[in-house]
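Heads up, the next two complexes both have chain A, just with different partners, chain B and then chain C.
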Partner chain A sequence: MGSCLDIHFWSIVALAALVMRALPVRRTIGFGLWNLLGLAVLGGWQLTASALVVTGIYWSLLRWSQRTRYAKLGTWAAIMVPGLIFVATKIGTDWSIAHSWLNDHPQALLLHRVFVNLAYSYVFLRMIEMAHCVIWKAMPLLDPLSTAGYLFPFHMIFAGPVNLYQDHLKMNASLERRDPWFVALNGADQIATGLIYKYVCAEYLRIACFGVGGRLISASWIDTAALIVYLFFDFAGYSRIMLGAGMWMGVPTPVNFNSPFSATTITDFFTRWHMSLGAFIQRNIFMPLQMTLVRRWGVRRAAWAGVAALVPAWAFVGLWHRFSLGCMVYGLVFAAVVATDKLMRDRVLRQSWSQSAAAAWTARLLGPVYVFVVVTTMLHIVITELMPA
Partner chain B sequence: MSINENPAPRRLVGLAIIVTLKLLLFVLLGRTETLHFVYAGF
Partner chain C sequence: MTSRDTARLTNIFRTLFNQPELQLRDDLTARDVPTWDSLNHVNLMMYVEEEFGVRFSTGEVSSMQNVGDLKRLIDAKAVTKQAA
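Here is the complex of A and B:
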């Protein structure tokens, strides 16, 4: 399921764009059905069957959480079961000691491969998003087929983005007002831009910095700086291609990048880089935690509640990327950097001189340089762990 | 402009030209023989 240029992938997307609107069923069910075809053609029947089994189990847990008698147990299970599977999958992938254990236990190795092939890290985020919406926000629970379409969308299964459950529910609203030519051209524009990002900008940068067929390894800060620009074009290109595919099919697919290198603060950078993950963290970890702390500590300490909520949010970001102590510490250091950046900015903004046009221009010009240096330096510290030589 | 609004035909033609130029640039310059995803495995 790797290539953005796979003819089978584009055939399924194009057919979905033509057929799905004509299906005499609700749009979420139509996509649920079409998605199974996409998964089967691109990933094989084993992958499709595993996606269906995982969906069936998870849907049952959510249904269970809605029954008054077992609500607490169902809620607990709907969070803990996906969480434990996520931890086990990450340990199996990221810990060398787990590799040798898995090699000695073929059945466990098979199970681990199933979850890795399903890109479970992203599926896990969608499960938490769905649980948050269904259990705490009382949104309707989709039928199992539509749930499979939400959890395992074939165009987003490989590397996200993390789609919103709320948006997926809205798929059933009427789309008749949209001009089909405009939708087709808008989608094509996103796809064409993504192809240029990924196969022109990213590839030429990679060849210029790391050589033809060279490995993406960093020996110096400059290498890491080149790598972060390369990562942007590669990942933003992929995200735009999938956004265009989603537009064609009428499946809500979030925007994942918004000119991150023009950000003037670290917080601003992360509202522009891998936006769907940042928004997920904000909706499901940061905001609920900050609200809880404000209720406990009082409104006067709201700023400190925000700083405290950053700690678990960033620890999760670190662990989600790689389940290791190093990456968790990396996340915690980033929490400290973001908190310092925010507190300093708030203090500076209170000064009268900061409101002048000259100060605004200076921030506009030097802000992106400061952000790039900080983000690159942070990545450089953990680059050998994230991308081993 | 929101995607829900119907655009003027002139805008559609403009968008079509931009898309064609971008695709042409991709076809002429795109390096597709060394494809890979660095995010594989997430």
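Here is the complex of A and C:
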């Protein structure tokens, strides 16, 4: 299911590109139907059945939250159920004591494996995104088939990105018919670039630095630096391939990387690296919390509210990578790094000399070096926790 | 938006982003102002809330792309406020 070179995957994408426009139904329903075929062919009937069951339950919870009588219970369940299952899945994967318990309980282990697959497809984040839009932003609730297409898009099921619910809704509203040649060439450009990133750049780097079939283990800072560049080409390549596939099928698929190594500040780096996850955290954790704190503390303490809102946002980032105390602390340390970077930068930008052309050029040249060194050093500190030898 | 309101908005941008010479254009975005980052974006909206006596939702804050969007949002909020 994970291979971007799978002939079945591309056959389904190509057929979807041709057939979906001609289907006499709404585009979200058309994709919902086609998506079931994609899931069944690529992931098997068990995955398709799990996706349908999970969608059915979740759709019912959201429907429930819209009925006045049970609105509070439905809202609570729509947020807590995916949240708790996600946490339980992470604990089952990352805690050795939970892992041993699962090995002694085969049925629980089977269920855990289903949820691990779902977690890697970012479905829990999509659920929370959908709940946020339907319950708090009063956006319309899609029908169950379209909901399955949003939560389990077959081209984004392996490693995301986290697509936006409002963009998926717009599939129905958008009546514009773009030039098919423009769409085909633009999609092909993304796919070709992605394939080069993933199967030429990333693979060459992996073989050069870690050997043929070698494990991605970091023994030094230089190894970690190579690893971070490898991760970029591998993940950004995959993301571009799926972006192109989404373009061909007419399914909104977000951009996930935007030249992160050209960033000149740490904040800038994380608005360019794994952008869909960063934007999810910004929309659903950071921004609501910062707004609440500024309203409570007043605009005079806005800077402190921003720093305080970074703490849970980065704790989430740490726990997302591994559900351990070490990774949470790593996330918090990163929050401190981002806050310091931001406060220092604001202070520098207040100096008149920082407005000069020479200062701008220096920042443009040395900024990416500074960001790369800081990000690599931070990753190197936690690398044994994230990728045990 | 009246010229007086535009001047109030300009003042917020100049103070918050420490750009005394900044001229507001409708197509001005975060890319054009070095200190207009994701942290300061929310602060900007909160300053506007306080100055204009309006209240924004999270969705409105995150979807605001440029100064033109912000002006339209403030105008829409002002109309709603007057109607209420």
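To be clear about the criterion, the second predicted complex is superposed on the first by the 382 of 389 C-alpha atoms of A that agree within 3 Å, B and C clash if a C-alpha of one lies under 4 Å from a C-alpha of the other, contacts with A are read in each partner's own complex, and residues count from 1 in each chain.
FYI, a contact is a pair of C-beta atoms (placed from the backbone, for glycine too) under 8 Å apart; a residue touches a chain by one contact, two chains touch by 3 or more.
Computed from a predicted model, the values in this text were never measured in an experiment.
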| item | value |
| --- | --- |
| Chain A as common anchor, with chain B and chain C clashing or fitting | fit |
| Which of chain B and chain C A:234 touches, first, second, both or neither | first |
| Partner chain in contact with A:203 - chain B first, chain C second, else both or neither | first |
| Contacts of A:45 with chain B and chain C, given as first, second, both or neither | neither |
| Partner chain(s) touched by A:76 [first = chain B, second = chain C, both, neither] | neither |
| Touching partner for A:189 - first (chain B), second (chain C), both, neither | first |
| Vertex chain A; arms to chain B and chain C (CA centroids, nearest 10 degrees) | 100 |
| Chain B versus chain C as contact partner of A:295, first or second or both or neither | second |
| Which superposed partner A:101 touches (first chain B, second chain C, both, neither) | neither |
| Larger contact residue set on chain A - chain B or chain C | B |
| Partner chain(s) touched by A:283 [first = chain B, second = chain C, both, neither] | second |
| Overlay on shared chain A, then closest C-alpha pair between chain B and chain C (Å) | 17 |
| Complex contact set, residues of chain A against chain C | 136-137, 265, 267-268, 271, 282-283, 286-288, 290-291, 294-295, 299, 302-303, 306, 310, 342, 345-346, 349-350 |
| Of chain B, residues touching chain A in the complex | 3-7, 12, 15-16, 18-19, 22-23, 25-26, 29-32, 34-42 |
| Parts of chain C lying in touch with chain A, wherever the complex brings them together | 18, 34-35, 37-40, 42-43, 45-47, 49-50, 56-59, 61-62 |
| Touch list for chain A against partner chain B, complex | 2-5, 93, 116, 119, 121-122, 158-160, 177-179, 181-183, 185-186, 188-189, 192-193, 195-196, 199-200, 203-204, 206-207, 212-213, 216, 231, 234-235, 238, 247, 321, 387 |
